[in-house]
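As written, the chain order gives the labels A, B, C and D, with residue 1 at the start of each chain.
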Amino acid sequence: MKPLSRNAMAWRAAQDLYEGMYVNLGIGVPVMVPPYIPAGREVILHSENGMLGFTGLGKDEVVDPDLVNAAKEPVRLLPGGVFFDHATSFTMIRGGHIDVALLGAFEVSERGDIANWTVDDPGRAPGVGGAMDLAVGAREVRVIMEHTTREGEPRLRKTCRYPLTAAGVVKRIYTSLAVLDVADGVLVVREILEGMTFDDIVQRTEAALRLAPDCRPLRTPIA
Amino acid sequence: MKPLSRNAMAWRAAQDLYEGMYVNLGIGVPVMVPPYIPAGREVILHSENGMLGFTGLGKDEVVDPDLVNAAKEPVRLLPGGVFFDHATSFTMIRGGHIDVALLGAFEVSERGDIANWTVDDPGRAPGVGGAMDLAVGAREVRVIMEHTTREGEPRLRKTCRYPLTAAGVVKRIYTSLAVLDVADGVLVVREILEGMTFDDIVQRTEAALRLAPDCRPLRTPIA
Amino acid sequence: MLDKRVGSAAEAIAGLRDGATILLGGFGTPGYPARLMDAVVASGMGDLTVVSNNGGANGSGLIKLISTGRVRRLICSFPQTAGATEFQEAYAAGKVMVELVPQGIISERMRCAAAGLGGFLSPVGVGTRLAEGKQVQNVNGRDYVLELPLKGDLALVRADRADRWGNLTYRKTARNFNPVMASAAAVTAVEVREMVDLGALDAEAVATPGIFVDRVLVTG
Amino acid sequence: MLDKRVGSAAEAIAGLRDGATILLGGFGTPGYPARLMDAVVASGMGDLTVVSNNGGANGSGLIKLISTGRVRRLICSFPQTAGATEFQEAYAAGKVMVELVPQGIISERMRCAAAGLGGFLSPVGVGTRLAEGKQVQNVNGRDYVLELPLKGDLALVRADRADRWGNLTYRKTARNFNPVMASAAAVTAVEVREMVDLGALDAEAVATPGIFVDRVLVTG
């Protein structure tokens, strides 16, 4: 089975965002989410540089260099969108005002620990950005990431090998192969890529897994 | 000699406010200062309820109930005046952004301690307002008050009898009889009400006093 | 369609329970949400903690609550209103307990809660009676009082204009405590003069982004 | 007449000394005060501490300072710019020491200084490498890291419009770190697109009141 593309993972994560939710999108796959939010749902996106209520820029839209998201990509403000300064932006983040933070990660543990800021390469300066504030402050933290590394090593671990961003905060993980929820030290497999089995997931995962009784096939309309 | 009126004390304090100063006026005599600021000096007044750049309302001006100073009196916003919320207002106050806080007081000690929030009447709820933030946060604290109580007791004390607002913060005191500066545990008398002597001030003061070599007569153009 | 408008003041404060903590906007009359407070009076709820700069006067909802003994604790900086006697009478009669907090520390404690912080070190009130019982910490040779976050169950806010997402603008000094209170409560109810179309407010001038707002009542 | 306008970028940063701490606005390019930073480069000053979310790229003044070893310490959350190599090269060559601070904690530490507080208790980074060496305090059963204020000698800010009192408005997401930095330095220098008459800015929409601003340079 071909794992989900980054776009397909973004699509899947977008389906779980509902009307009226305030959602922060981290850099990487999360910022690819906006076009996949089902039409008609008013999901209000937050960007930590100081903006609420925007969406991705359409192909033919004019770029405004002063209007960018957390990944520094140009975006479009929606009617009702507002700007504010950085201290206010992180008041929203740390104070539990953001309903969902969708973050990228290197690894997630079976207890919901997340490691997403450094791979400990001594020659490279690490960057943390707003990840730690988001991981601790958002009401719910969800992760989007490849199920395994390029070398095929599991990213869902018993214990993260990379330095932690925060401990025990992740609630749901969207991988290229499955959708999993963190529950008391075990990852509950809610959806499995169509054509794969629970055993296929177990083989590619180090974390403790449990198959949800109502586990469904993971299908996306895009490749 | 007749002591200075409240208006005359406000006039005297106003003369020491210079172009470009950011000044907070406490309730009582301090809020009477604006009309006495010498014409042409742009002194920018701060009000802790969330405003910078205003002045008193002229006689025939229309009252706007949403435009009030810290004493809840109607005022007029000047061109360049701005509004902000309460947290920002006290950021200005505590963070050393206010050049001068002019406060009323019950008592000031020879070390510059100020007591201005409660007279410890058990039947009355005390009120502190922004006095403690101002006393600690402004770059310079100046006090305007009657030299003595109605009963003739000195308000300039060795030690304040009332509970303190803050210790060692007052720099200058404008009383109904004199202008005094706090210096190392002694009050230096800079100006004495015209017609009175240093001994007259000593008799009405408990705090240690020193006559400034260049002490001048205190004269005001208003009664 | 996300629409935070509610049809009545009762609906705006729905869920209020005995023992709740209410953050009440206003500095004197400007920015005081009179209609929402009238609904609190009508609700019959009591044993309340109210955070308000002042103690209310002139027959306001707040002074009615206090006079009838329904406010267990008033957290304020300046309870007495010049020229008014109602608060003084209620206080002298033992109908309300006052926790006096310096004015800037009230708003900073609410901001601390809003911003998800555990406390802050304040230079204000150190060595005075208002710091008694509070933990003192020395940092770099200076003493500070550890102040703790102050969070509300319900914030009652008065604003000028709102849109259906709950974005708010205020009018002049009626802004005062309202933005910080709006951000520091589990539920924030707002009364506004006017509702405008989404997109009609200046995106640079919204003082309270809708993320902090739950219910909006138009009172005119 | 109070007029905070200055005639040149050199005048705007006058007084800058070796060893100073500079608060540098911007999140990537939006809100980055390019002209003022060019003046810092031209000033020859070094041994600087720079607080900036990013490490600079594409030949900016900041990356020039860093590449020539004039920044002793960079306090930032995300030094590397996607697609740019200059910072990485300077870092690998040991030309700059990086103090990595979570993005929201950088701004909160500056706000703490701006607001005259002695520190705050942060839930962010507890138990992680970025909290190593910091004091941990438990309040009501939860661990927090004590974070200390971060004050600048000079803030360099990019705004959209200013008046002669130094009131500022910003443009869209170019606001970012600028308001908090403007309020957290001993001297705040601002470059703006446009100067307007006193009274021309909307009193409700000024994001940085002039009290926080010392010098304004019009750069267009």
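In the analysis below, contacts are C-beta pairs under 8 Å (C-beta built on N, C-alpha and C of every residue); 3 or more make two chains touch, one makes a residue touch a chain.
The model shown is predicted, which means the values in this text are computed figures rather than measured ones.
Looking at chain B and chain C, the chains in contact with each of them are D. In terms of C-beta pairs in contact, the better-connected of the chain pairs B-D and A-D is A-D. If you average the Cα atoms of chain C and of chain D, the two centres end up 32 Å apart.
Centroids of chain B and chain D (each the mean of its C-alpha atoms) stand 35 Å apart. Computed from the mean C-alpha positions, the centre of chain A lies at a distance of 56 Å from the centre of chain B.
Once the centre of each chain is set as its mean CA position, chain A and chain D turn out to be 29 Å apart. Shown for chain B are the residues that touch two or more other chains, namely 77, 83-84, 87, 90, 93-94, 136-137.
Contact of a single residue of chain D with at least two other chains is seen at positions 108, 111, 115-117, 123, 170-172, 203-204, 207.
Taken pair by pair, the chains that touch are A-C, A-D, B-C, B-D, C-D.
Residues of chain B that touch chain D in their complex: 19-20, 22, 42, 44, 46, 52-53, 77-84, 87-88, 90-98, 136-137. For chain C in complex with chain D, the touching residues are 108, 112, 115-123, 137, 139-140, 142, 144, 148, 169-172, 202-205, 207. On the chain D side of its complex with chain B, the touching residues are 1-2, 111, 113-117, 163-165, 167, 183, 197-199, 201, 203-204, 206, 209-212.
Taken together, the chain A residues at the contact with chain D in this complex read 47-51, 64-68, 71-72, 77, 83-87, 89-90, 93-94, 118, 123-133, 136-137, 163-167. Against chain A, in their complex, chain D makes its touches with residues 27-31, 55, 77-80, 82, 87-88, 91-92, 98, 100-105, 107-108, 110-111, 123-130, 170-180, 207.
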